[in-house]
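Paired with subunit B in one complex and with subunit C in the other, subunit A is shared by the two complexes that follow.
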Partner chain A sequence: MASATLSTPAKAGIRAPAVPAWVWALPPVALLALVFLYPLALVVQQSFQPDTGGTSIRPYADVFASEAFREALWTTVWLALASTAGCLVLGFVLALVIAFVPFPGARAVSRFVDVFLSFPSFLITLALLFIYGTVGMANGLWTDVTGAAEGPFRFLTTPWGVLLAEITYFTPFVMRPLLAAFSQLDTAQLEAASSLGARAPRIVRQVILPEALPALASGGSLVLVLCLNEFGIVLFTGAKDVTTLPMLVYGKAILESDYPGACVVAVVNVLISVGLYGLYRVVSRRAGA
Partner chain B sequence: MLVHSRKAKWAVWALFLLLFLPLFALPLLVVLGASFATNWSSVLPSGPTTANYEAATRGEALQALTTSLVTALTASLLALAAGTWAALAAAALKRRSRKVMDALFVLPVAVPSVVVGLAILVAFSQPPVLLNGTRWIVIIAHTVLVTAFAYQSVSAAITRLDPAYEQAAASLGAGPAQVLWRVKLPLLLPSLTAAAGLCFALSMGELSATMMLYPPDWTPLPVLIHASTDRGALFTGSAIAVVLMAATLLVLLAVSRIRTRASYR
Partner chain C sequence: MGIRFDAVTVAYDGNVVLDALDLTVAPGEVMALLGPSGSGKTTALRAVAGFVRPASGRVFLGDRDVTDLPPHRRGIGMVVQQYALFPHLRVEDNVAFGLKARKVPKAEIRTRVAEALEMTGMGAYARRHPRELSGGQQQRVAIARALAIRPGVLLLDEPLSALDAQLRSGMLAELARLHRELPDVSILYVTHDQMEALTLADRIAVMDKARLQACGTPRELYRAPANAFTASFVGNANLLPVTVGASGAALGTAELKIDTSGAAPGASATLCVRPHLVGLGDGPNRLTGTVTEIQWRGATHRLYVDVDGHRVMADLPELRTPPAHGESVTLHFASEDAVLLPAGVGDHG
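Take a look at the complex of A and B:
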């Protein structure tokens, strides 16, 4: 390096940097540690410090013993799993039609899917209030047609309303990687399969699905973790009987000012989502490519 | 390709529309329709009005719009700088340390944003750094949340980058700084602007972490939409939501224009 002068510039290229590469990685990592890792560590620390002082596992015992926590845990997990399953099925079907049974405007639809991704999730719940709310579109149609005083749709404040909103909002997250994968699939394969006598369901099962597995796995893992962590949709539903772990964290910290309790729920939530995400990544890497 | 008979094609398209329209197109149309209405007790909204927009573009709503724009702009620029730096530094590392770096910077996606909010609230409500009650705590939270996305998209772009360009530049005598500034960053520019757009959109719609730590004088649009709908002002809330969507789309459009201009270079 010392011999590298302007006359022999080739030696001074990127292969002999003045500082080792890891030094350049230090500033961003230090920044991340300051604004993310250190705060996260404090949450873990505070989860062991009850309001009465000292260090104990008392907050954990209290939280685990409460009915509200166990119910929130169960609601969070089954809602996330059901939403992911719904998104995968729906996203696969819709992407299949856009890619392989193209219609005029299919391109506009896939552009619309991209736009959809840039909107916040709570808009869906807001819209569902107008569609299926007590005085919304569906119930209005019902009362207009049948003359009844009230419509039959009142599932919005139940977990089913949250499920519908999550499937609606997160399906595009599955469609996008799928559409990208489908665009690289050689259509000659489909023509060959079809000319050999395979019908559409069989082509989907034996040609398209294997190609789509990695995209399904990555989209599914992202949706699973986003559903586990979803807050806006549940908050806007405004239902007392639908409490998920993120809602519980918010309720304990902001509404009840019970910080140790909130930190305990937060630690559990982080463990579940990071754990499931990691597990899913490992499994999908094995199953997929 | 997949379905050949005309009849079957129409059946598939009908099924597609039946699924797609009510699930994806209807919600956006409904919010748009509600924003121009005063009442919705039948199939269609009634009482056309623009009063919701008058409420949504003055006073606290206007302030919330500027708050959101400033927060999203600051957070996405900070996230872009930090994420790009981290991605470039990670690309120069050995395989194992690069994996560690990837995991570290993707972690904020896997951690619930409510927990990110709680963590930042806990950390910056106590010495040595007291930020609770200032706008910076909101901006920091947004930056943490979107940096992960900036890092991911920039590092994906770096792996697609053809190393021949930087090698050619280096062999012609360009130093590392010159290679970075004159070769790598211009080649990455399309992905950088795409990442900036993504970060901006995410920050504009961020609600979870913001709900945990926003001070009264720094209320972004999503919080205001929640406040409106929570007290029953659904139609004003819809108008503010339309303003939020329009502002996001306008900025995304502007950013995509930068991208197309860059790709002709």
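Take a look at the complex of A and C:
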């Protein structure tokens, strides 16, 4: 009787429709192609079609030759790298404090980090404007106290303002994975280290940091890519001197109606992003993360 | 180096988890802190390590009052149940960690790491990562790491609990050997396992409900437990409520001739007899009852006998013809094998 029960093909109903597996891959691939790959292909195609007609690499030559592009490329890269470095340092320190220094409200702060991630980026820029803007609180306080006509804080429209805004906004993106990693860390390891004679800095360097490297890598690479493509913050600081690649795309497409040029810059931006992401994958795989 | 607890009290949010512990561990002594979970034994160990701050009382290492010292300045070796090895460091770097933290010269680090690994039998695994080792091997590395700094005091917090039974008895022998090789190191060994405590410890401190219940050599605690909790936690025990008489004690209708010195006639007391000291058949101090359960344990039979509503356990050498369930039997024990304890605890044996 038992053997009769066992021999019944229990999953026969599921196996019945003989659909090849690749059919199931069609809907997602089709959707991806329609909403993502096709427009991307159009952008690439457009970048090879100068307004004068025909297909050539002329738009690339023009864009690469322009001083504005080279400056934007440099600004974009150094801003993104500096922002990422700032976010990593600040995020690591803040996450350390939240995770390992017992203070009342640590959990509330940790929750706030989650909420912060859902804020739009321009909100931070607005907040910085209120504080450091030409007529912001800091300058207001200065003019009130000294009687001067103008306050000293006018860095907001410079690259430094953008850097400050990006670090402020993107730091929680580093903290989130770090806090998750820290919560996994065995406190017995920290206790073992300190009973072996290690002080806090050594414990951070030799016990916590190595455990946090994968989280730092993933948070850092995310921030790097987000910074490379950040548009809202750069636009909102209203910095005329700060032109990044996304701003250049916007300027060429909307203001100058130079679509081929805009597409060239966009392609370069995409290549940098994908390249850095690929580099991260290679590095993180080699690091065993 | 000795350890001394001077009225150490630890409380979390007004909840006392260690109540005025007074205990001295002599230099080179192995002291087991034995007790059920929540008895305060781990808290006592963590107070020595510096991870909990006593609400009152002082902790001394040797002559030094360490109550206010941070853990990294106490110079203590510590091994915990889950090994707590640093996963990204090789075995040799794990062992070298404490030496580097103490700025020991490089050449000396190398020899001391080799020495510690040799002592724990892990010399061949120096280049491995912890994840490549078994639980027992990881625990050996943890012990080597703790010993490398040459601590005067070694704290072991349930070091064998994560290992399976067979490995545990092997490691127990290893720990005993290590202690013979390092006779000056005092060991505070926290465990809930009486076998580990009986096997390894010079003295056992029995803890329950945040308090020290008894402290003595394993033999003292086993032969003459101070109270019912100690009797039942260190070895098995029959604990029977008796009334003290003029020249013995009475359990129901049974008259027992035992030493009652120190107890007033007419008082209630608890009689403690170890199950393996109870015999089957007629003899002095007879107890008659019905067999409620019989368990064959290979070399022995364990009989549960109901004597006037009290359960009496007897561990007997394997019986050729064991009594049947429900059969009436007579048990006996020698007067010198019985200990009279203060009353207050029922016969839950």
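In this section, the second predicted complex is superposed on the first by the 273 of 289 C-alpha atoms of A that agree within 3 Å, B and C clash if a C-alpha of one lies under 4 Å from a C-alpha of the other, contacts with A are read in each partner's own complex, and residues count from 1 in each chain.
As a convention for this text, contacts are C-beta pairs under 8 Å (C-beta built on N, C-alpha and C of every residue); 3 or more make two chains touch, one makes a residue touch a chain.
This is a predicted model, so every value here is computed, not measured.
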{"item": "First (subunit B), second (subunit C), both or neither touched by A:202", "value": "second"}
{"item": "Contact breadth on subunit A, by residue count: subunit C or subunit B", "value": "B"}
{"item": "Partner chain in contact with A:94 - subunit B first, subunit C second, else both or neither", "value": "first"}
{"item": "Which superposed partner A:229 touches (first subunit B, second subunit C, both, neither)", "value": "first"}
{"item": "Contacts of A:160 with subunit B and subunit C, given as first, second, both or neither", "value": "neither"}
{"item": "Which superposed partner A:191 touches (first subunit B, second subunit C, both, neither)", "value": "both"}
{"item": "Partner chain in contact with A:48 - subunit B first, subunit C second, else both or neither", "value": "neither"}
{"item": "First, second, both or neither for A:39, with subunit B first and subunit C second", "value": "first"}
{"item": "Overlapping contact positions on subunit A, where the subunit C interface meets the subunit B interface", "value": "191, 194"}
{"item": "Parts of subunit C lying in touch with subunit A, wherever the complex brings them together", "value": "49-51, 70-78, 80, 82, 84-89, 97-98, 101-102, 142, 145-146, 149, 155"}
{"item": "Residues of subunit A touching subunit B in the complex", "value": "6, 9-10, 12-15, 17-18, 21-22, 24-25, 27-29, 31-32, 35-40, 42-43, 46, 90, 93-94, 96-98, 100-103, 109, 112-113, 115-116, 118-124, 126-131, 135-137, 140-141, 144, 167-168, 171-172, 187, 190-191, 194, 200, 203-204, 225, 228-229, 231-232, 235-236, 238, 245-246, 249-250, 253-254, 259, 262-263, 266, 269-270, 273-274, 277-278"}
{"item": "Touching residues (chain side subunit B, partner subunit A) in the complex", "value": "1-4, 8-9, 12-13, 15-16, 19-20, 23-28, 30-31, 33-34, 40-45, 82, 85-86, 88-90, 92-93, 97, 101, 104-105, 107-116, 118-124, 140, 143-144, 147, 166-167, 170-176, 179, 197-198, 201-202, 204-208, 211-212, 222, 225-226, 229-230, 234, 237-238, 241, 244-245, 248-249, 252"}
{"item": "Residues of subunit A defined as touching subunit C within the complex", "value": "186, 188-189, 191-199, 202, 206-207, 210-211"}
